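Look at the two complexes coming up: chain A is in both, with chain B in one and chain C in the other.
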Partner chain A sequence: MSKRFQDSVWRVLTTSTVVLSIVFLIAPLAVVTLLSFDSRTFLGPLPPPSLSIRWYIRFFSDEMILRGLRTSLLLATAVTFVATVACVAVAVTMMRTRFAGKKAISAFLLSPLVVPPVVLGLGILLYLSALGIVDGFTRLLCGHLIIAIPYVVRASLISLSGVNPIYAEAAMSLGATERAAFWTVTLPLARSGIVAGAILSFAVSMDDVAVSMFLTDAQTVTLPVVLVSAMRANFDLTIAAASVLFMGIIAILMVVLDRTVGITNVFKNGS
Partner chain B sequence: MPMRSFVARLALSVPAAAIYLGLFTLPLAVLFVESLRPFVPGFIGGSRDAGLTLSNYQNLLSGAFSAALATTLKLGLAASLAGVALALPLAHICARSNSRRVETMLIGFLILLMFLGVLVRAYALQLFLGSVGPLRPLINVLGIATTNRAYIEFTVCAGLLHYVLPMSVLTLIGSLRSIHSSLHECAQSLGASAWMAYATITLPLCAPAILTAFLFSFTFSLSAFVIPMILGCGRVNFVSTLVYTRFSEIANYPSGAAISISLLALSLTAVAVLSTAVRRWTSLRSHT
Partner chain C sequence: MQETAVAVELVGVTKKFGSVVATNDVSIGIKKGETTALLGPSGCGKTTILRMIAGFEQPTSGSLRIAGQEVGGSRPYERSVGILFQQYALFPHMTVWDNIGYGLRRRGWKRPEIAERVLEMLRLVRLENMARRWPSELSGGQQQRVALARALATRPSIVLLDEPLSALDAQLRQTLRVELKEILGAVSATVLLVTHDQEEAMTFADRILVMQAGRIEQEGSSPDLYFRPKTRFVAEFLGKSNWIDGVSLVDRGPVVDTFRSAAGTIIKIPTSQAMQADVCIRPERIELVSANAGDEQAILLSGTVREAVHAGADIHVLIDTVEGPFTVFERSRDNRTILPGAPAHLLIHANDCMLLPPEGRQ
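Entry: the complex of A and B
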């Protein structure tokens, strides 16, 4: 075989792999979007004969789903707030202090990432029951906090230690107190990374199923858990509508994030 | 004054320390103790005053656990290998594309997928690969029953792949970009064909990144829960779904805890082995 022939075979092979991969990634989402506008009340073959927005109307009039949505939004906001405050505080300590074992501590702070979420879910359930805490929202808050916090820790550590201390020193030499220098110089410079971490933790909390399944109670159920039980119960395209709405929100969030912080740059630099 | 600032700094780390101690270390310790307690039907949690026992672990050796473990390892390995293999050409395009537009769109799309989470994607794949999806003609022609266990395993694997592929591409891009394109061109001008140049220049140079991508993919697959639960239709069980059924269906907490601890040990071993391999490989490369 000539080299030229080999090269063209190679090019055809790689190009078709890329195309197939992208189709594999996009097609399921396209099918969900299409089916969410299906006017039929049963699951029929594609394409749907006519379109309607009935499933979207169902979504916004379903009591369980709306309650789940409210719980999820409240929960994700609370988790993001607590995690961000705690992480920025601990990152400030880590940034300013030099001590042996700093690396070990950062590794420990990231370690919940390697623990399977079901393990954390069951562990927290048993632990909180032993303490007598049975309130659904408190339990969910505890569970979501520990799965979301490593992302915020990582973002805060990277972005705060990435700020050159010279700027804060310059501010202090011009008369600012250490505290003022932190609030007016260091923190604004580290802002974009911290915001990215906060948004990631919000998304983690909104998406979680594995931990929440163990911690919900009859009154407090998160949106993903409602959707999972709906998926297992019977055929219902309200979930497709929910998925499309979710995709839309995420897409808008990403565009905003990219305009303000430049999220694609974070990944482009190979981190 | 320095003393005061030291105390103030220490105070700043209290909230995070409390969260990690109270919600991470202690629950795992409680879980471990629970896994050693004898199971008494009808109680939440094992018996407190019957002493500790290893019987929960012994019971794992027979029965559902080993089957779930085998399925988890098999499908996780298949999805991770396929994910890394398919990610390489995609990452190559992202890293080497001459058009900034294509590059930004591709990377943006992959990040969008990562943010989308697992639930939406598992559901999308269920519709896509199900009996009325666009693959319906193909499924009918091949005479595949969508309730067939092999087909369900394939669906679960596809679900894992859908998650693992974008993650691997994003992991590989940085490394591929740092390889100077002239190296590849050099090899080709010296007579190597494109695939030879790829196999002997590009692949060895980004081997640590490939291993890292595999590490992320495999550990994700080991602990995956939503994907096997939704796509597995209750027929294909992963270790993680087994933990949940022990809790929700038979309320055997000690057994669930023992499975959890085993799953944790498995994950930690995989992370330790693979990250050591990455480190070895990286240091090997920097010496030569």
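Entry: the complex of A and C
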């Protein structure tokens, strides 16, 4: 009886912890969603007296914001592409070759990121200026690559080294060259992890403020920087509308990815 | 390149990993259509030989020929070797059809020929209706057949089987062994089976090569190795064995030699060349008799039953004797009981004693 009692106490405790955690994580998103439909022109107390879609209209009519959105999408796409290709190449090299200091490099690549983004941003700015790179987009690309690569390299290393080498050996015994074995067997089997890394790098680039603040120039400003400055200048709630839009886009993106690339399917058939 | 009866030939192949010698001057010839087993404990170098034939490792020295062609230094995809991996290694992201067709696509076959060949292989392994399935949707036995079909599709000069049955339970094992032999026989494949499992080797292969510490210890048919082992290692590795250790010659007669063991057992056997030997006796060749059955050409050992285990057709009796513990296989009969602690008398005929050169004991 008392053992059963202990069990039920534990069950209640775990359930309430889970529920509280979810509420803790969801609540801010709910508040943001609510605020994005606020009809007031200033940041007032909750709940808003009436609702409107004025901030959404604002989002799609403001010249600065649209330019920022275009810059951000372009930048994030470029970052994702470059980072993914580079990191897969690095991961393959790390797996194939033996060289002095490989373990150290591997540990470095896989270690948690400890440099604060603000420090990173200033550092990159000074470094790129010293190199004579002053173009805003190039600077942002370099900066975002530096913050995105750790995520992607980790995902690539873990997913590629998680593929049992026996598959590549089987492919080669069946007549595949090493290159063919990589493209037709190893890479498809590591796909889900690499795609996850790519999505993460896209998100990191879309989301970054701290590093980008240092690297933008008058013509090239990313969306988060535009939104943060707008918000600080005049309590603009477009940022809330943008957040909600992004959440929606990401949710749709995940569904589409799952349907097309088949993330869960790949996991099921698994490496 | 001429047509030859030898599918694979290793001559003096040595492989070193740093200072570790994995195989030491190994020479093996495998005839076309023959099934050979490479049998040895883990770490004996058998896997290294498999990997060298497949092209995943290169010999440090020596010559390796497949279908009469020297392949030392060539890459796996430049050889004609099929492998049935122990874990099957079916590509999980391809259907059964695409798995079997993979090798054909990589070898540059034309589409209609690929379709025809894949269908032929599916029929061979009796999985015609599984073509569109994913490997994860198949049972272990079906996966193995797909893996075999994939390995055989490109008509390799030799098929390497890496411990194909040892991970399975006894029931499934026998079914799959019969199936595997039928399929391989149907295409008259040349097969090299690599295993640590003596039963797998003895029931599968025409010829067995016993390997130890990087060398071929002995080769022969299953009865050859079982009844005429050349070394203690082979005798112990294949089947169960009993030993009278360290016997030495006391009298060499014209017909019969007399030996005596350290414990005093007298052994009379037909004249041999040996001075010192270890005597090996198979458990099923020993008779349990009543005390007074004397015989000129036989050994009589007495002891106490330590344990008697009923194992179906046989009773495995463990008996403590002056020469150490002996295992005896007795036919099991319904009215027969052997109880621990009972006295036992072991009758061993001279013909059943195998004299082997003495070795350092483990």
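The working rule: the second predicted complex is superposed on the first by the 219 of 271 C-alpha atoms of A that agree within 3 Å, B and C clash if a C-alpha of one lies under 4 Å from a C-alpha of the other, contacts with A are read in each partner's own complex, and residues count from 1 in each chain.
We take it that a residue touches a chain if its C-beta (ideal position, glycine included) is under 8 Å from a C-beta of that chain, and two chains touch if they have at least 3 such contacts.
It should be emphasised that the depicted structure is a prediction, and the values quoted were computed from it without experimental measurement.
Contacts of A:Thr177 after superposition on the shared chain: chain C is touched, whereas chain B is not. In the superposed pair of complexes, A:Asp7 makes contact with chain B only, with no contact to chain C. Comparing chain B with chain C, more residues of chain A are touched by B. Contacts of A:Ser21 after superposition: chain B is touched, whereas chain C is not reached. In the superposed pair of complexes, A:Glu169 makes contact with chain C only, with no contact to chain B. In the superposition on chain A, A:Leu187 makes contact with neither chain B nor chain C.
Common to the chain B and chain C interfaces on chain A are residues 178, 268-271. Interface of chain A with chain B (complex): residues 3, 6-7, 10-11, 14, 17-18, 21-22, 24-25, 27-29, 31-32, 35, 43-46, 82, 85-87, 89-90, 92-94, 96-97, 108-109, 111-112, 114-120, 122-127, 129-130, 142-143, 145-146, 149, 153, 178, 203, 206-207, 209-210, 213-214, 224, 227-228, 231, 239-240, 243, 246-247, 250-251, 253-254, 258, 263-264, 267-271. Across the interface of their complex, chain A is touched by residues 54-56, 75-77, 81-83, 85, 87, 89, 91-93, 102-103, 106-107, 134-136, 150-151, 154 of chain C.
Residues of chain B that touch chain A in their complex: 5, 9-10, 12-13, 15-17, 19-20, 22-24, 26-28, 30-31, 34, 44-45, 86, 89-90, 92-93, 103-104, 107-109, 111-113, 115-121, 123-129, 132-134, 136, 158, 161-162, 165-166, 170, 173-175, 177-178, 191, 193-195, 198, 219, 222-223, 225-226, 229-230, 240, 243-244, 247-248, 253, 256-257, 260-261, 263-264, 267-268, 271. For chain A in complex with chain C, the touching residues are 164, 166-167, 169-178, 180, 184-185, 188-189, 266, 268-271.
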